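Order of writing sets the chain letters: A, B and C. Residues in each chain are counted from 1.
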């Protein structure tokens, strides 16, 4: 019985994906046919033209940079929160929650104004920066939990064996944290890659990410093009997530950290 | 010097988030009527009064709260249920079930369209089974007043998220405490509801707050799948913001400020729930 | 009365207990002595219904327990890691088994109060369990198990994490309750001294097999038991010399 329910749940995820593939390569598929009448890969070639590919590649690059920036900033913060007692911890925790719990449309506008003031509005830099801000909480959360579970015990042991604070950090803790750092970066990439509204607000239509290409098609009525773009969109996101997401579970037995996936 | 080390480590992150918080000031000022660029130089609460009395706001607010509540509740129940199902599986092979977490919202919106729209899969299945004459005979599930499509899309993404938060905790609790409960006379079902579930609740409640806050404040899904009236709060807010008349800006900023108020509420609730979570976890043995 | 007939237990692919034949009489305090990791915990779990049998049978009061789920067996376990429910107060922990039996709240809390008094913890009813010391938690766990008047009380090295004073106190408490409540108790331990002091009979296990089983006095004179009692004996001699 349980197996049946699980199977149905799995189907709920595979079904839309399957439909996506069908739509992507469907020629004519009028209502109420359950399967396309004809298949055609013609539009695939049209879609994968030079400009789309270049946008895609640049998008991957900028999302990766956002994720990297976020991880680099989140890691020391996580260490501070996990390993030190200091006044103001609660306030800082609250601040770090802001990008996730504050309604996005509310603060995106603020960011837009800010970047305009700074003169970097409508640039890739602004987009990368704003994405990184959105990704931050996830990185800090996960890394704090991992840092907590890894603990300082091994570092202390290294210190007692003669290692300098920096050495101990670099040779003992960092290797232990590496899987988490990779995983968090992958997660950050996925979040950044999927952003549409934020990129629109900050990039003003000048900065073209892959999401900016895909979403208008989904908004419009063309199912086949929407499906094609969605397929690429999902493929990359899910691909990166699957490749690196499993790392956490393999390396960290402790519960809390692994669960902190993203929306 | 050492005392400042944690602050030093936090500096970059505080800087970035500080940008965010700082940027909210402008909006706040504008909502109070101070927008020199549009020639508005007087602080006033009139914009707040106007918007708060406006039925469009009421409609949007109610709609957003409704969407957030329903999707968060369904997702929480579904996530717990899915976790309970997966509990028995030896391999924690939940990769497939966690996949939606990685899917972009726009794509999930598209899923909703190809499945639920009047020319979607379910409509075609219904036609095949019940012999409908035309697509219009299938009920409107996307861009409908009940927000069916939006809720579906949120739930599609959120159940896997709740599951990923809960499953490991559930597994850990389930081994030791459930055994103890069984030896004290609890059937597997009663052990689950009286021991496993209560111990997972703190984590579940933090997840609930997160998904509620997200569903309340996100733009993409209601934009792509929501009804044209009432509009979800973020969508309505953005519409106000895009108005070409700069003197209309304060109205949009009032919308934003109200949403931010809810955001602050969510943060407070989350901190409270988080405190309970770390409090309880001390006792839950690994 | 508990009977283990030709019991074979496996942990994963490894056999941990081979053809064990033991009978525990009513009201008997029986100890199972063996080194760590030799299958003692698995045995406790098997008797409680938490671990499947690879062969043989377990009979409780004459009835074969095969297929009987843990909640239907009249056994109670004191786990090594205590396992008090963190989300319940002390008294609700103690009353948990009664709640499963459907007893109304007032009555079960009353009984819990009585049991807590019996273990020396009266007044602690409303406390959260993480506010208790290790020794106190042990007592609560004991109360939780005993309130159900099990046919047999199963103890899995319960005192190994306690310091000497607490150990002694808990031993006395346990023996007192065992006698006063007329319990049948199975204690699994690697502490020879503990077993010798508390038990009516001791069974010595070594890598899957039963080496010998007799009263403490008789074991002291049995040649098969000698190698296992050797370290303990030497310890006692050293202590004598110091004192």
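Throughout what follows, contacts are C-beta pairs under 8 Å (C-beta built on N, C-alpha and C of every residue); 3 or more make two chains touch, one makes a residue touch a chain.
Predicted model, so just to flag it, every value in this text is computed and none were measured.
S.K.: What graph shape do the protein chains here make by touch: line, ring, star, complete or other?
M.R.: Shape of the chain contacts: a line, open at both ends.
S.K.: If we define chain centres by averaging CA atoms, which chain lands farthest from chain B? Would you check?
M.R.: The chain lying farthest from chain B is C.
S.K.: Look at the interfaces A-B and B-C and say which one is made up of more C-beta pairs in contact.
M.R.: Most C-beta pairs in contact, of the two: A-B.
S.K.: Just curious, how far off is chain C from chain A if you go by their C-alpha centres, in Å?
M.R.: It comes to 51 Å between the two C-alpha centres.
S.K.: Taking each chain's centre as the mean position of its Cα atoms, how many Å separate chain A from chain B?
M.R.: 16
S.K.: Measure off the straight-line distance from the CA centroid of chain B to the CA centroid of chain C, and report it in whole Å.
M.R.: Chain B and chain C have C-alpha centres separated by 49 Å.
S.K.: Show me the residue ranges of chain B that touch chain C in the complex, using the header's touch definition.
M.R.: Per the touch definition, chain B meets chain C at residues 176-177, 179-188, 190-191, 194-195, 198-199, 201, 280, 282-285.
S.K.: Note which residues of chain C are touching chain B in the complex, please.
M.R.: Going by the criterion above, the answer is residues 45, 48-50, 69-71, 75-77, 79, 81, 83, 85-87, 96-97, 99-101, 128-130, 144-145, 148.
S.K.: Residues of chain A touching chain B in their complex?
M.R.: Listed in rising order, the residues of chain A that touch chain B are 2, 5-6, 9-10, 12-16, 19-20, 23, 31-34, 72-74, 76-77, 79-81, 84, 86, 90, 92-107, 109-111, 113-114, 129, 132-133, 136, 140, 190, 193-194, 196-197, 211, 214-215, 218-219, 223, 226-227, 230, 233-234, 237-238, 240-242, 245-246, 249, 254-256, 258-263.
S.K.: Within their complex, state which residues of chain B touch chain A.
M.R.: Contact set of chain B toward chain A: 3, 5-7, 9-10, 12-14, 16-27, 82, 85-86, 88-89, 92, 95-107, 109-111, 113-115, 119, 121, 123-125, 127-128, 132, 135, 156-158, 160-161, 164-169, 171-172, 203, 209-211, 213-214, 216-220, 223-224, 233-234, 237-238, 241, 252-253, 256-257, 259-260, 262-264, 266-268, 270-271, 274, 281, 286.
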